[in-house]
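Per-chain residue numbering starts at 1, and chain names A, B, C and D are given in the order in which the chains are listed.
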Amino acid sequence: MAKLYFFQAVRRAIEVSMEEDETVIVMGEDVDLGAFGVTSELIGRFGPNRIRKTPISEAVFVGSAVGAAATGLRPFVDVMFSSFFYVAMDQLMNQAARLRYMSGGQVELPIVYFAGTGPSGSTAAQHSENPHALMMHAAGLKVVMPSTPADAFGLMMASIRDPNPVVFLGDLSLTSLRSEVPDEPYEIKLGTADVKRPGEDVTIVAIASTVRTALDLATDLESEGISVEVIDPRTLVPFDWNTVANSVEKTGRLVVADPARRLCGAAGEIIAGINERSWSSLKAAPQRVTWPDVPVPFSPPLEASIEVTKADLEKAVRATL
Amino acid sequence: MAKLYFFQAVRRAIEVSMEEDETVIVMGEDVDLGAFGVTSELIGRFGPNRIRKTPISEAVFVGSAVGAAATGLRPFVDVMFSSFFYVAMDQLMNQAARLRYMSGGQVELPIVYFAGTGPSGSTAAQHSENPHALMMHAAGLKVVMPSTPADAFGLMMASIRDPNPVVFLGDLSLTSLRSEVPDEPYEIKLGTADVKRPGEDVTIVAIASTVRTALDLATDLESEGISVEVIDPRTLVPFDWNTVANSVEKTGRLVVADPARRLCGAAGEIIAGINERSWSSLKAAPQRVTWPDVPVPFSPPLEASIEVTKADLEKAVRATL
Amino acid sequence: MIEDLSSKTSVDESTMLDLYRQLVRIRSFEEKVQELHKLGKLPGFVHVCIGEEAIAVGTCSVLTTRDHITSTHRGHGHMIAKGADVGRMYAEIFGRVDGYCRGKGGSMHIIDTKLGILGANGIVGGGIPMATGAGLSEVVLGGNGVSVCFFGDGAANQGVLFEALNLASIWKLPVIYICESNNFMEYTPTADLTAGHIYERSIPFGVPGIEVDGNDVLAVRKVVQEAVDRARRGEGPTLIEAVTYRIADHAEGESAFLDAYRPDSDIEQWRDRDPISRFRTRLLSDGIDEGVLDEIVQEERARVEAGVEFAEASPFPSEEETLDHVFAVRGA
Amino acid sequence: MIEDLSSKTSVDESTMLDLYRQLVRIRSFEEKVQELHKLGKLPGFVHVCIGEEAIAVGTCSVLTTRDHITSTHRGHGHMIAKGADVGRMYAEIFGRVDGYCRGKGGSMHIIDTKLGILGANGIVGGGIPMATGAGLSEVVLGGNGVSVCFFGDGAANQGVLFEALNLASIWKLPVIYICESNNFMEYTPTADLTAGHIYERSIPFGVPGIEVDGNDVLAVRKVVQEAVDRARRGEGPTLIEAVTYRIADHAEGESAFLDAYRPDSDIEQWRDRDPISRFRTRLLSDGIDEGVLDEIVQEERARVEAGVEFAEASPFPSEEETLDHVFAVRGA
């Protein structure tokens, strides 16, 4: 078992997938290097026919993946920063997410749209989006957003093998996270949440980088005798409602941490969904901890101020007790 | 007081605004006619300098409005069908919604992005979106979605006068709705909900076309002695939380009707927001009535099956009682 | 002036008759669509290609089912020319379960992957990247197929076309971009809002740009054949502007809410250049018996009638299908 | 071969010295940025324009503050040439409250509407529509200003450029599209993924496409002046490809995680064509005293030092500002 950085784990899953399936190709800007290293050096191994550097033309390469996938390839598309999805949004929302449905189920579209996502140190408003809520609302896109290298590996394996367009968002604040990843290839089924820490008193559903924050907090609160269960949904579409509902039915308390804006975000969705499923178990108002509804500011203290912090999360947990 | 169709009321507001302010211009495809008549015949009156027919190039004309607004114009941009926003999404999300914030408040961007929205009779998956949730999540866009001709007029007046980008969505299922609009120009402040019908037992927050459905249901239920309050938020950003929270604190019961997909939609948001504000008043689990999470199908019975019906709404209301 | 290629083209008689049959099939199909629309039988938007059939037919006559096409909102002709069954097409347009997409797509979204039809498209320009991607598959997988991207003159102002021309050029993709230059984008003459000539727009990318008489089925066939040959030889993409005219309304039923936006004389003038009558005249002057042609017309009209019957007999999909087909199930 | 325009250009001495001063100011600014980045003092991404200064300076030397520009992620030079104060620029890059955007934008988003700077842009190609819209304002309001859109050679493959060329052509917008053709898009030679010549891409739209030596400040000034004159006369847009070379890294600090992706010899070769030394040589050969030039260099270096001091003395914005500036308040 080797320790891998988060994006190294992603890279390894791509490499393994390219070995096992010749139809897997990589497209994107500078993918010989790979903005976050997820495709670096693959070109030496798989050659320029399968590792395709694209011009800066997101709409056409995001859309080409649809045509390519419908005709025999399994494209892994590196969109680089998730903010750039907007440039290709028609191709993602009106085409990739629609073609199978509109065709009455004729086509499979095995595509992974990968991007680094979220603030990564004052990259400002056009390089810091966390657009997963938009993708969740689309209908037709699976959405994956892991929190550990081991999950990233297993989920990327499953994403590449999935017959549908999968938006795989790699939280850039996990870049420096390094932890063990089993040597033998494995996959993690899309739609399975992971209880990162079992607990009895409060359920925290935490997305991507906020999982670590939640785990930290859980450790802190343990000493006070507050037992926190931390659930990482890992995939947002499909969403593992059962695991979350079961937990809330046990704890009666729900806090959702989401590194994204609030209005119509994933946190609100999870709360509304649990309201529907587990209302009678709820002992207190579910809380959400998110960014405020602002673009991501550049200045370091301002950028820091929008983040989901342990203190915010603690306040939310206490509000449920 | 004349009776106007929904889109006639929109048109009148544009006409009045163009008269009162020379910097108001219209841009879009075939705007001499106007897909839904909102700009029809204005070209005869205001000429081709102010009524600008564009090529089919959504990205550039949506984005040009930003540059034009920053330099002295107040563009009214007709995007035609709201599905087409995706084609211009970078310009909307990364530019229009960001420029003011990124500039530290230097610019005002008085732009109205108008589109017809929602299913309008088997127009299928690429002409039937209701993308308001995405716009709500953006931060930097105001979002207006009225339910009556009179509201449409007053809100369009306010939208054109607003110093910010406003996405104004005209629900196409209101096309045949015709009702009284006061003759004298007036505006309705963005961010003010309207209690369309006062009631005591249950609050229905209904968006756009679902307002009529909710009012119908309220009439039906009256005979049973169930008193329903129907609130139309009218603008989704800014959202009039007070009016909704006050109502829920009175009724203790909340149902949200939203003609849009469920996951990360406006309905979930309103429920999460009211949970936060009025938890202790809630006597039952808030319910939402939305489309299922599917693209909009073409076939008439399938298209009908996704809609928010009175029966769905009634079921939800009864679930809260 | 566009060169007269038709006179220079020799094609064997059975192919000639097949081209005629295809033209007539599409025309009959579309006229029936108009009729059905007037009767209020068709849901949603319907755009017919009357007067533009030669482009679909000439193009698809040099393709095999292994080759792919993407199409537009005005796509019936492309589908039929690519081999689609008129009955299943009507069923789709009616929203019935025997339609190509089980009624989920409708007129603007007919898809049949088995025939290489990757889909009509409701987004103007939306299919351009998809066609480009189908070309990419050929290159990566070492296939010999080509991909044909039909788009309108209005779509020629969507940026994605230029991105595609660049990408197809540098990757030498076997894609033929065919602009159906029918003078209009909705209710506006394309030339009013379109700088220069569309067929020249590929030149800076090193992609041949060719103008052809889109109402001459043999001329279209010839230039597309050349482009397909180039593509199959690995020499990359071609842009073809096929000049035609939209005789029909933009969308059926538009006159209910629109005043006339073009002189009737324009329409009449183009009726004189109707691709089907022109081709018929050519066939007759080639010595083909009028009876043979009339029989084709009868057969195709009958086919269309039978198609409508098939469609009307088909049920709507059951409501449960609304929830199907969002995602494919792995291994299913 | 690009024509040598510089020798044909005559400009008065004070303008010449001003051009030199601007060039030196930008270079000094950027070298300082590199230094500050190495010291770990700069948050976020920083892209400098060393070696490309002549394009910004030549262009902005013929503009007034009434004219607008849009810029790119590599925009410091454009801002300075358009009149931005180096102190407020550093403050922005440091994320301080005295920055042009109160620290909210940073290096990739410097904006000053009073100077006609509509903004740098973090989205490659993102500013192209905005510049086009500023041109539209001139036409609609009957102004006499022009709008200049700087973009990179990598951005020349974004579809929105072509949409803009078409729109600006049909509406005769006073927009000058200036491509800083610096050979690279990030770590890839642009030519590897770009078909044909960028400056020719406007030709099909009837928009003049001009290639110019981007390392020759007088040549740039001359062709931009001509384009601006045409624009002010109502004759519409121009595309200019200013050929230069990115001497600097794509982004500061990249060598920490990247191997070399270009031969040092290329960089050396282009250093020999450095726009500032070339212009200095020209000034000296025109008989300008070396001491005058040295004094300019001293002054500009001092300005930069003072700018950094100003910036470092400026506080960060208070946390409450995070919530400000999402929406403008009407009548405020």
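The rule we apply is simple: a residue touches a chain if its C-beta (ideal position, glycine included) is under 8 Å from a C-beta of that chain, and two chains touch if they have at least 3 such contacts.
Every value quoted in this text rests on a predicted model; they were computed, and no experiment measured them.
Visitor: So if I look at the partners of chain B and the partners of chain D, which chains show up in both lists?
Guide: The shared contacts of chain B and chain D, listed by label, come to A, C.
Visitor: Would you kindly say which chain has the C-alpha centre located farthest from the C-alpha centre of chain C?
Guide: Centre of mass proxy via C-alpha means gives D as farthest from chain C.
Visitor: Please tell me whether A-C or B-C has the greater number of C-beta pairs in contact.
Guide: Looking at contacts between chains, A-C has the larger number.
Visitor: Measure off the straight-line distance from the CA centroid of chain A to the CA centroid of chain C, and report it in whole Å.
Guide: Chain centroid spacing, chain A to chain C, equals 40 Å.
Visitor: Between chain A and chain D, tell me the centre distance in angstrom, where each centre is the average of that chain's C-alpha atoms.
Guide: 36
Visitor: How many angstrom between the C-alpha centroids of chain B and chain A?
Guide: Computed value for the inter-centroid distance: 30 Å.
Visitor: At least two partner chains per residue is the criterion; list those residues in chain C.
Guide: Residues 101-105, 109, 121-123, 126, 157-160, 163, 166, 170, 192-194, 326 of chain C touch two or more partner chains.
Visitor: Indicate the residues of chain B shared as contacts by at least two other chains.
Guide: 54-55, 57, 59-60, 83-84, 87, 90, 94, 101-102, 124-126, 139-140, 293-295, 297-298
Visitor: Based on which chains are in contact, what kind of graph results: line, ring, star, complete or other?
Guide: If you draw each chain as a dot and join those that touch, every dot ends up joined to every other.
Visitor: Which of the residues in chain B come into contact with chain D in the complex?
Guide: 23, 25, 49-50, 52, 54-55, 57, 59-73, 75, 90-91, 94-95, 99-109, 139-140, 142, 161-164
Visitor: Could you list, by residue number, the parts of chain C that touch chain B in their complex?
Guide: 43-45, 95-96, 101-106, 108-109, 121-126, 154-155, 157-159, 185-188, 192-194, 257-258, 261, 316-317, 319, 321-323, 326
Visitor: Given the complex with chain D, which residues does chain C contribute to the contact?
Guide: 157-163, 165-166, 169-170, 192-197, 200-201, 203-207
Visitor: In their complex, what parts of chain B are in touch with chain A?
Guide: 83-84, 86-87, 89-90, 92-94, 97-98, 101-102, 124-126, 133-134, 136-137, 139-140, 237, 239, 261, 263-269, 271-273, 275-276, 279-280, 284-288, 293-295, 297-298
Visitor: Please give the residue numbers of chain D that touch chain B in the complex, ascending.
Guide: Its residues touching chain B are 68, 70, 99-105, 109, 111-113, 118-119, 121-123, 126, 128-141, 147, 159-160, 163-164, 166-167, 170-171, 324-330.
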